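Look for chain A in each of the two complexes below; its partner is chain B in the first and chain C in the second.
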Partner chain A sequence: MFAFAARRLMISIPVLLVASFMVFVMITTSGDPLQALRVTNPPTPPETIALEAHRLHLDMPWYERYFNWFGGLLRGDLGPSVNVRENINEEVWSRFFVTLRLVLLAMVLALIMAIVSGVVSAVRQYSKVDYSMTFLGFLFLAMPSFWLAILLKEAGIFLNQVDGDSDSRIFFTYGDRSAFLEDPTAWNRFTDVAGHMILPTLALALITFASWSRFQRSSMLEVLGSDYIRLARAKGLRWRKVLTKHALRTALIPLTTVSALDFAGILGGAVITETIFGWHGMGQYLTDSINTRDAYALMAWLLLAGSIVVIVNLIADLLYGVLDPRIRHD
Partner chain B sequence: MHMNRPSRGLIGLVAVAAMVLSASACAGGGKEDKGPDSSIGFAECVQKPNTCNTGKTKAGGTIVYGLGKDIKAWNTLSSAGNTLEYSYALFGVLPRVHLFYPDLSVQVNKDLMDSVEITSKSPMTVVYKIKKEAVWNNGDPVSADDFIYTWKVQNAKDCPLCKPATTAGFSSVDTLTGSDGGKTVTMVFKDPYPDWQGLFVPLYPGKFAATKGDLATSFTWLEQNVPTYSAGPYKIDKYESNFALTLVPNDKWWGAKPPLDKVIFRIITKDSELIPAMRNREINVMAPIPTADLVAQAKELSDSHWYLGKNLSWEHIDLNLKNPVLADKALRQAIFTAIDRQAIIDKTVGQYAPGTKPIGSHNFVPGMTAYKDLVESTGQGKGNIEGAKKILTDAGYKIEGGKLLTKAGTAVPTLRMRHTTGNQLRKDTCELVAESLKKLGIDVKVEQTDDLGGTLTKGDFDIMIFAWVLSPLRIGGAKQLWHSTSASNYGKWVNPESDKLLEEAAKTVGDDPKAHELINQADALMSADAYVLPLFQREVFISVNKQYTNLRPNPTNHGSVYNIGTWGLLDQAQ
Partner chain C sequence: MTDQLEVTPATKAPETGGFGVRERTQTEIVVRRFLRHKLAVGSLVLLILIVIIAYGGAALWKYDLHSTPDISQPPSWEHPFGTDGPGHDWLARVLRGLQQSIKIALSVALIGTVLGTIWGSIAGYFGRHVDNALMRLADLVIILPGIAVAATLASLGEGTWWMIAVIIGGLASANVSRLIRGVVLSLREQDFIEAAKALGASDTRIILRHLVPNALGPTIVSATILVAVGILAETGLSFLGFGVQSPDTSLGLLVQEAAGAVNTRPWLFYFPGLFIILIALTINFIGDGLRDAFDPKQTRVRQ
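Right after this comes the complex of A and B.
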């Protein structure tokens, strides 16, 4: 297994390098990061533009810039950002952890909801509960994530105002915490952060839960109809024990692998969610870097996001082997 | 700003499942459009721009202002820091010699200066007298050191490695000397600079900067470090990247104590998120670039005042005279005559800013004393297709088979009209222009550009739509935009007579009416030559929660923060 993992990682390095080269060529040929300086009124002195161009290596040919960046990367230097104060290395990691917090919480919530609804739907197949769960699953599956996020924001604002006291709030629509608290006790800080997390987490979790609940339902149905479950029942085991100890455990295998494989997709969904809720995560960093033609910032984003996708896909591959003994990675 | 109530936190967690869909249809709509409040709101701002929404404040409170950009550089003199939003965020911190008021007047900052006077016209000499009690919060007096530092980093001579946003004015200064213990500053120009009141807005702390290294080193240091210094009513308490900047009163401030305990600039980079944040009282003030949707939603905010007026930015259509076809004056006149400016307004900006009219000057906007409509009399911009055809046929052009043929009998080639990517208003304008010119037999291909600066400087357009932002100081600026040698004259219009008038105006100090007249004469020449067609002024928009007072719209680039030290919670008991 170790050899397999090492081989997969080695293969991914040239993939990432080719991707970085292509993205670099695209971003450097798509426009001028100093364009804003060229249309100011009064005009920016040409000397200022030349100094700024030198700082950003724009006075070099693009291929030289790429190799210069690559050399810097090996030394741990990700290059200068268009934003003079920004250290790309620090910024990209800080953004990553903001996004990771959202994604992990949403995944946990989505997993809990998917398992509960999938199991209940399977156990009570064709009942009202099953139809209701199926309806909700398809509803959220059909909803664009940005629309659901906007609906949740509206609902949050409405509920905040429903008691007629417009000064109080439970749900927050922007950012991951308040800019200030009049009484910043530990409990108030906790509820403030929780209030900011509810809506974006829910938006991301509901979209994710929708497809996972369908997986879990069909997987559970398949297991419940299998011979070994019938045998367990025939031997007189209690239904609850059969369900939890035998059926559910087996039925979780597909969802485990699917959720690992979906990680990259959820990261993509988080880009939209965090944009709508004003979380300064990887999504915003990507769009800002593109808008400002911040080539080195974009390269850092690409490397980090690409590496995460490679690693998570590798974990998913390895999980197959762990959960299903018939699969071996040689 | 009001905090959340923690006791309700758990209830909220339980309530989530029930609220998802039921509430969505209920929120937002249904309230009557009340417009500006006539008692304490913005209704008076047209008649009394400098005093509207004035009220008695009570001590304490916090205000949260939705700021459209994160602050990427703290030195607003530098090219990286020359952004309106950064300047707003630091307005309460950095001292300014002059302030630009909502009525477009430029006034001496009486908190900082005892007097500012032109003492000689030749050589042009300005004497600044700083208030004795004016100090930075580290105890250093506000002095000639600050003026000299601010000059040297921007004069293109003393600091070649500094990266100032502009050297305009500062490069014309010959000497700057302090006297009277540094509280008097004498500035002598080598060339007259009529827009001198735009200098030293703001000042940076010279003595403090010197502790950070030489001019270039300190200039960069000021760019990269959050200011601990202040000579304004507020100082910076805390900055969290991509999140918020918090100001608290500066205890060394010598002027009237600011009423608020805190001013928070909450960074909200997407304008579409401002309205929900206002409704949820996560912010109390917003001043975004207005759009039809945003204005409509802002009018629904029952607990806020709103104001939609005109700012100093104006949209215009430029022709590239380097294109041999457009070098012909008759064709240019016909193009501008065929364009219907009012129709463009009605179908674009007029949708949410009714009453918008075409403007008739390339240098001034209505409300400025120097404004004169110099386009109306040329007949341009009226959508007069028959008049345009007559201009063309008189000049020897022919329209055959729906195609315009030149005097030589060749078809006028398709013209490329360009606009910035994602700007729907400009895109719609281009489509309307194309429709009008089609009637003259001219095909227009609408193209977008995501590199406005590059497109303009390379002259990679036939027709271009973009905007200039004016300052209330407009004498030197006219030469900078329209002189034949100016880098900003992107379409390369050359007129020696106009050049002469603009040069003369740029040398006129202390006689604004004369300077304005010279500029208007040059403007009339340009209007007659059909080089740039002014369209309309853009809008200024502000929405403020009714709990706050002394905030008002300011169309200049000093914005609503120009009086940040007076903002406060309205004392309802007044």
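Right after this comes the complex of A and C.
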């Protein structure tokens, strides 16, 4: 199992490096990060621009810049940011954990909703429950994530004002935490962060669960029609036990693949959700970096996102071994 | 599918008067099956209607994208979708947004499908090193969040509609290529491909005449779903500010413009959003109907 994981990582690392090279070439050969400096009024002295260009390695040819960046990466240095006061290393990591807790929680919530609704739909095929689940699945599948997020945000604002007291707050609709807490104990900080997470997590999870629920339904239906389930029933096992112990375990395998493959997509969905709820996360960092043409910040963003996708897919591969007794990674 | 199921003249039943079953072509069977799927047919009709309204309605409607003296009007007979702060008629904007979004989504499906089919069938047919190299290339695209890469690439250009379509379609083709590769891998081992090889058919001929037509079912279904993917990706990109740029507009840009005033001018937010949902929903239903129609396991006979 360990050898298998190591082999998978050895394949993924070159892929990530080639991706980093291609993205780097594309970003650095187009766009001018010093554009903002050049158009100021009064004009910025040319010496300042030259110094800034030197600080951002703009005076080097692109291949030299890439090897310079890569050398820095090995030492843990992600390069200078266009924003002088910012350290890419600190910035990207702190934002990464803000986003990761949103993505992981939304994924867990979406998985639970998908498994429950998929299994119920399959067991009660063509019932009212099945039809309403199917309808909801199609609806959320067709809904743009930003539209749903805005809708939830506005619903939160509406519910906050429903008692007429504009100070009372049930839902937090802006930011990933409060700027100021009157009594910053550990528990208060935790509830504050958790409170801010409710609506964004729900928005991301609802969008994500839709297609998974369809998958879970069809894989459960397929398993329920198979011979070994009939055998389990025939030998007198209780239906509930057949469902949970025999059917569900096998029916989870396709969902494992799909959810891992969708991870990059959820990360993309988080970018949009965070933008709407005004989080200081990876989403805002991405749009800011693109707008300021901050090449090194963008590289750090994409590399981190790519790495986490690789890791999640690796975990999914290892999970097959747990779920499917026929697959063993020795 | 066409190659295997077409009845060749040698096995054709002799014409017997009175009792006879006319053979059906594969296309006929698929069309008949699709037409039985009421929801899919209804969706197709609705989608065609939306497209006609988007293009025909914009030509007939009395307002264009220029502002009117009516500022922040709720929906009325004069302005069915209301107007925004600067006084733009929102129906005219939504129609224009529909045109741009539909145009981009259809192009995404076309580009993604053509590129992905070529990519996947070459990888699946040649196998070995070619397959390895092409699939690692697909991994390269799939490993990164699509919207981040698309936003980065789109920011390098000027935000014309066709450039956005090329970017989203190009990224989507990586997923299509994986699907088509899988289909081609299983087809490649079948006897009729070997027969074609034995007859001396070239690789190009085998791919274009035998593999691609036989993978047509999954290809058409994936192309349909790609339209929905395309419209959601484009609107998301435009919402973030990296898609279609003002003064032109798209459904995503309209939602973004309306996002600040959902409570005070809700009509600005709901109309473009409802059209996005309607288009994506109908396309998903059509895709579902097509999937059932192409599925050889589907019969009306009880098992």
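As a working rule, the second predicted complex is superposed on the first by the 292 of 330 C-alpha atoms of A that agree within 3 Å, B and C clash if a C-alpha of one lies under 4 Å from a C-alpha of the other, contacts with A are read in each partner's own complex, and residues count from 1 in each chain.
Note that in this section contacts are C-beta pairs under 8 Å (C-beta built on N, C-alpha and C of every residue); 3 or more make two chains touch, one makes a residue touch a chain.
Everything quoted here is computed from the prediction, not taken from an experiment.
Of the two partner chains placed around the shared chain by superposition, neither chain B nor chain C is touched by A:Arg75. Once the two complexes are overlaid on the shared chain, A:Asn41 sits against chain B while remaining clear of chain C.
Contact with chain C, but none with chain B, is seen for A:Leu298 once the two complexes are overlaid on the shared chain. One of chain B and chain C touches more residues of chain A, and that partner is B. Of the two partner chains placed by superposition, A:Arg240 touches none, neither chain B nor chain C. In the superposition on chain A, no contact is made by A:Lys128 with either chain B or chain C. Judged by the touch definition given at the top, the superposed model places A:Phe171 against chain B, while chain C stays out of reach. Touching of chain A by both chain B and chain C, each in its own complex, is seen for residues 30-31, 154, 157-158, 275-276. Those residues of chain B that touch chain A in the complex are listed here as 1-6, 8-9, 11-13, 15-16, 19-24, 26-28, 62, 64, 70, 72-74, 78-80, 82, 156, 160-161, 163-168, 220, 223-224, 241-244, 246, 262, 264, 266, 268-270, 273, 276-277, 279-282, 303, 450-454, 456-457, 466, 468-469, 477, 480-481, 487-488. Chain contact summary for the complex, chain A toward chain C: residues 11-12, 14-16, 18-19, 22-23, 26-27, 30-31, 138-139, 141-147, 150, 154, 157-158, 261, 264-265, 267-268, 271-272, 275-276, 286-287, 290-291, 298, 301-302, 305-306, 309-310. In the complex of the two chains, the chain C residues touching chain A come out as 136, 139-140, 142-149, 151-153, 155-156, 228, 232, 235-236, 239-242, 252, 255-256, 259, 262-263, 269, 273, 276-281, 284-285.
Across the complex, chain B is touched by residues 30-32, 34-45, 47-49, 51-52, 83-86, 94, 151-160, 166-175, 178-183, 185, 187-188, 190-192, 194-195, 198, 202, 206, 275-276, 278, 280, 284 of chain A.
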